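Two complexes, one shared chain (chain A), two partners (chain B, chain C).
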Partner chain A sequence: MNVNPSSPVAAGSQLLSRRSWFRGDREGYLFVFPALLFLTLILIFPLAYAAFLAFREVLPQFAMKFVGLANFKKALSDPHFWGSLRITVFFTVVSVLLHMVLGFVLALMLSQHLKGSVLFRLLLLMPWMVSQVVAGVTWRWILNAQYGAANALLKKIGILVTDLPWLADVHLAMLSIILAYAWQCFPFVMIMLYAGLQTIPKEQYEAAQIDGASSLQVLRFVTIPNLQYVILVTSLMDFIWAFRAFDFVKIMTDGGPLRSTELLSILVYRTSFEYYQFGYASAIALLMLLIVLGFSIVYTRLVMPKG
Partner chain B sequence: MNRRARWTVLLGIVSVMIFLGAITADAKVTIRFQDWRLAEKPAGPSLTEITQAFMKENPDMEVTLDPVSVNDKLNKYVTQSRGGDPPDVVRILTTDVPGFVEMGFLLPLDPLVAKAGGKTFLQDFSPYLVKAMTIKGALYGLPHEGDALVIYYNTDLFKKAGLNPDVPPKTFDEFVAAAKKLTHPAEGRWAFGMLASPAIANIWMQSWFLANGADFFNADYTDTLVDSPAGIEAFKFYVELYTKYGVVPPGPTDVDYAAQVNLFAQEKVAMIVGPYATYGGIFSANPQLKGKVKMMRFPGKVKTSSGRGTVFSIATGSKHAEEAWKFILYLNKPENQLKFFREATMVPTRQSVFKTKEISDNPELTVMLEAIRTATSYPIYVKWNEANRAIVDALHAALLKTKTPEQAAKDAGAAIRALMR
Partner chain C sequence: MRKRAKIIFLYPALISVTLAVLFPLGWMLSTSLKTEPETFRTPPTWIPLEPTFQPYLSIWQMKNFARYFANTAVVAVSATLLSLLLAVPASYGFARFRFRGARLLMSFILVTQMLPSVLLVIPYFTLMRIVGLLNTHLALVLAYASFSLPFSTWMLQGFFATIPRQLDESAMVDGCSRLQAILRVVVPLAVPGLGATSLFTFLLAWNHYLFALTLATTESMYTISVGLGAMIGEFRIAWNELMAAALLATIPTLIVYAFLERYFVQGLMGGAVKG
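What follows is the complex of A and B.
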């Protein structure tokens, strides 16, 4: 029997099917509700509150005044904001490149399944298991100009004659942080790429071998194309983490010397907790979010394999 | 008894228990005490013992200890205050008080001080600290421990350099002359361990300004003196210890408090600046230095130095201000300040405690007590953190030679005046 879609009967049966659809999925919603609630509390609420503060000036005695886009205009005309943005972009780009290259090389070595590779894999993963604060404190002592292990070792083997001020020189400080950060972060990239390498069908390598491809050609035409998605996801995650890095740099240099390592995250922290400019700090934080979002969208579209 | 009746009885018992529990819980007043010293040794155990003694004497009160790391103390208190859940009693650095007062995070203590004896009561506390904590006519913190910065020097290294350790330098020129004799870079030894890591670099530098008759601000904080002639002279002298005379080890911008104490303990430097706690820190790091370390006043035209201190304050959101004050008074009892001094080497702030034999007859404290008597407080300025950043930038720019000391000081002056507008 044909039912007129606009008839009450049709409407009633649609309502019934929606209800039974809800009833059917009710248990599912109940199961995900705690996680959704948790996500709302730790992610959505702070984000919404930061957005709320970004359009306000927080005054003494907890008062707030709506200032529209004033905080954003202030950021865009603040030389410290642009300085920190430049430093953050430099730190992020160099760090991600370093992590990807180092991680890829080590992943390739691990996938050779040589003797001792299990132990080697465990040792290589250890930096990632250490908390950023502990790693930052440790590296700070290693790189101390007067009694750090780095200078002592390099002088002992004859590479250095005098102590280098690793964290006290405007150029060396950033380099030192990038290297120390790479020590901590490359294991994640390595393990992701290693896992990706295990999924590449052996037949493709065999076919390449039969066709007489060199190692470099195998890498270029077999390995890397098969790892495109893994490379995309891993590099994007690494970019996001590096862009918002905080603990490591705060512990090692606190943004110094002379603001040469003052990342945007440290500027946000300083602006809110030292200068009590919560509205302005929230505006900078939102700008950071927009930059990361914008980059993620553009990067994904550019790098995503077609088809 | 049927099943329904059994459940009713059980529910009734549980309800009565909850009700009784609620009544019992309300009978004791609980206050929260936040202090970064609770997380330090030996200060933490000493404070814990004093707190337990307080609770024993006041069975109707409970004090929950809330230790916080020294690096997180600022952001934790700010976050909790903005979130409406601050501790009742909090230890604060004097430099942080104006900003907290401006934000409305602290309760004025005057009505409570009046009940404790008013001016007579306050007169027993270090004047420079009481003055510093009186903001817009109201007192916002009761001083607990405080002292002044002095220069610690290694008498052995002085003797090896042909200097008389009983006659320390009294002028800037004498200081440089002595420092040159104490510096042997080839042997990895320098005269002065300069602390220029951002967190407290300026506090450590302020004493040199004061000794030259300058300061960072004028008396009523309406102008900065960083770029005054005396200020520039002091700043230039300080920077040139590193850039011109080479009597400071490489990388001062990375030297923090712990690093400078280590440098001194390892006898890589002959002199460092520090409060009284540095004395104990040096011997903890190297017990063999006992008997080889003395204190001296800052050389210069004026006999004064930076006076530091911490105070106990009550948060604006505290629901138990009277009880919080009772606890603060207990912590500040003369015998408890003396106990804290004995166990944690933190100098008391009560004049009556200074008069005890343990302190007045202690030869190790002679120079320190003199410094406290003539101390000038750390800057107590509402926008100190931002001004501090401008001065640190100037210091680093001059040390790293990206600007001349004169230009760096002038730029800092301009930045601070822009803040003041």
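What follows is the complex of A and C.
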């Protein structure tokens, strides 16, 4: 379409095509509508209902009583809520850091164009295909104090003399769930960062080499700046997932011993399906959502590269 | 010189990490082939002394795992199809049209990804009770499709954006309708993206626990995850049977993964990573 734009014919045809594009663009709503309707019905409607429940006390036979902010006030003065929040934050922060470090180191190793790196990639990703429930039962068996593989292995190497009660000790239980979760989740971080590494132009590495940069300098000035966006997105996703982690904790410790691994998600589950306090549980879950949303907004505003 | 040093350091490091990562899976396999008394030996035997398939037979025949397996398969396949059916048009819409509010709608879709499922499960449970869908496959299919839809739309949108607009336009000039252009020209080119999103949804639906746990009120509606969770709750845990069940639960995901893995990495590079 190399028509001189100043000619009236061209201007007319341009106007025409822009208008037809405009009409065509409104067609976009048609394509997007079914997905939006579906999400509204299946997610937003329940979300609104959860907010409705959070201001109510659910009585037997599902009768409801409006209680105002009572559920939220109760949460903020409930030591179990604060304890659970502290545990959740600790679990989340340690997990995300661990996943990022492990994932980054392995992604770097995988992208060195070694022979067989495709095979390593395939094998290292396998834990991510395993469900959290399967990971949970397997690690519960490995960490079994009496018959488990972990104690046997550590004793054999000479690190341990006596068996450790991995899941029965208040501190070890937290370590255990962090370990099991890292095993299951680091592959996600690894593959995201690996994919990101593949998109860095080769020329930048070559240029750095010509300038005589050391490996560490290449990492600092070429790799990490290029990966910034991927790192931020991946760590944010990992954070959101870790903060709501549930399945494998339910299987491995169910919040115990002595509530030492009772993450907020476990607390919400027990409050609703063991104590049938649906209103109170909804209030805690809503607070969870606010925390995640607040953190995500602050995080993206503060750390995201502009534009 | 540098290259050699790299190789000498990298291979042992990669191999040992890989072995450590695969160890739990190996232990799972080993335990699943043991007799029950052998699982309680100290120190444990790394390779079963008398390998037996009895644990597999007993979970399949004595326990109801065949049923759980079928339930999970129905739910996972349906959820994958439903999610694709909604994500393809939506992501095409976002990639091809510049309509008012597109950015806002996309952010809306992505924010739904943040909703913790433990928040949604309570109202979803009561809603399904009201509409009479409690204890059905459909309740799970709808939930899982909605969980994967945001990510799928986002990823596919990135994919469609890389396919030149001129392709579907010229197909339409040649007399195709918009729908035909999508189905015959765009979709075939987006196969890696479709593979990646299918893998994502299938895994999510196959593995999910919380919703299946609360929405299945009778044992005949259990998914594999719920069946496994129930075995942990039993008074005496038969670890060889539990590991056999865990391994069986994992095999389908590994098969799907083996077929779709390369698409997944491509998909991440094409859609998600570039943002």
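To be clear about the criterion, the second predicted complex is superposed on the first by the 269 of 307 C-alpha atoms of A that agree within 3 Å, B and C clash if a C-alpha of one lies under 4 Å from a C-alpha of the other, contacts with A are read in each partner's own complex, and residues count from 1 in each chain.
Quick note on the criterion: a residue touches a chain if its C-beta (ideal position, glycine included) is under 8 Å from a C-beta of that chain, and two chains touch if they have at least 3 such contacts.
Note that this is a predicted model, so its numbers are computed, not measured.
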Original post:
When the two structures are overlaid on chain A, which partner does A:62 contact: first (chain B), second (chain C), both, or neither?
Top reply: both
Original post:
If you stack the two complexes on chain A, which partner ends up touching A:147: first (chain B), second (chain C), both, or neither?
Top reply: both
Original post:
Of the two partner chains, chain B (first) and chain C (second), which one does A:233 touch, if any: first, second, both, or neither?
Top reply: second
Original post:
Counting only touches as set out at the top, which of chain B and chain C does A:199 meet: first, second, both, neither?
Top reply: second
**OP:** For A:168, decide between first (touching chain B), second (touching chain C), both and neither.
**Re:** first
Subject >> Larger contact residue set on chain A - chain B or chain C >> reply: C
**OP:** Have a look at where A:296 lands relative to chain B and chain C in the superposition and call it first, second, both or neither.
**Re:** second
Original post:
Which holds for A:276: it touches chain B only (first), chain C only (second), both, or neither?
Top reply: first
**OP:** Look at A:84 in the shared chain and tell me whether it touches chain B only, chain C only, both, or neither; answer first, second, both or neither.
**Re:** neither
Subject >> Which superposed partner A:253 touches (first chain B, second chain C, both, neither) >> reply: first
**OP:** List the residues of chain A that touch chain B in one complex and chain C in the other.
**Re:** 62, 144, 146-147, 269, 272-273, 278
**OP:** Would you mind writing out the residues of chain C in touch with chain A in their complex?
**Re:** 6-7, 10-11, 13-14, 17-18, 21-25, 27-28, 31, 39-44, 86-87, 89-90, 92-94, 96-99, 102, 105, 108-109, 111-124, 126-127, 142-143, 145-146, 149-150, 153, 178, 203, 206-210, 214, 225, 228-229, 231-232, 239, 242-243, 246, 249-250, 253-254, 257-258, 261, 264-265, 268-269, 272-275
**OP:** Please name which positions on chain B make contact with chain A in the complex.
**Re:** 74-75, 78, 82, 99, 102-104, 188, 197-199, 249-255, 259, 262-263, 266, 268, 383, 385-386, 389, 392-393, 396-397, 399-400, 402
Original post:
For chain A, which residues are in contact with chain B within the complex?
Top reply: 60-62, 144-147, 162-163, 165-170, 253-259, 269-270, 272-276, 278
**OP:** Over in the complex, which chain A residues touch chain C? Could you list them?
**Re:** 24-32, 34-36, 38-39, 42-47, 49-50, 52-53, 62, 106, 109-110, 112, 114, 117, 120-127, 129-142, 144, 146-149, 152, 155-156, 183, 191-192, 194-196, 198-199, 229-230, 233, 240, 243-244, 246-247, 250-251, 264-265, 268-269, 272-273, 278, 281-282, 285-286, 288-289, 292-293, 296
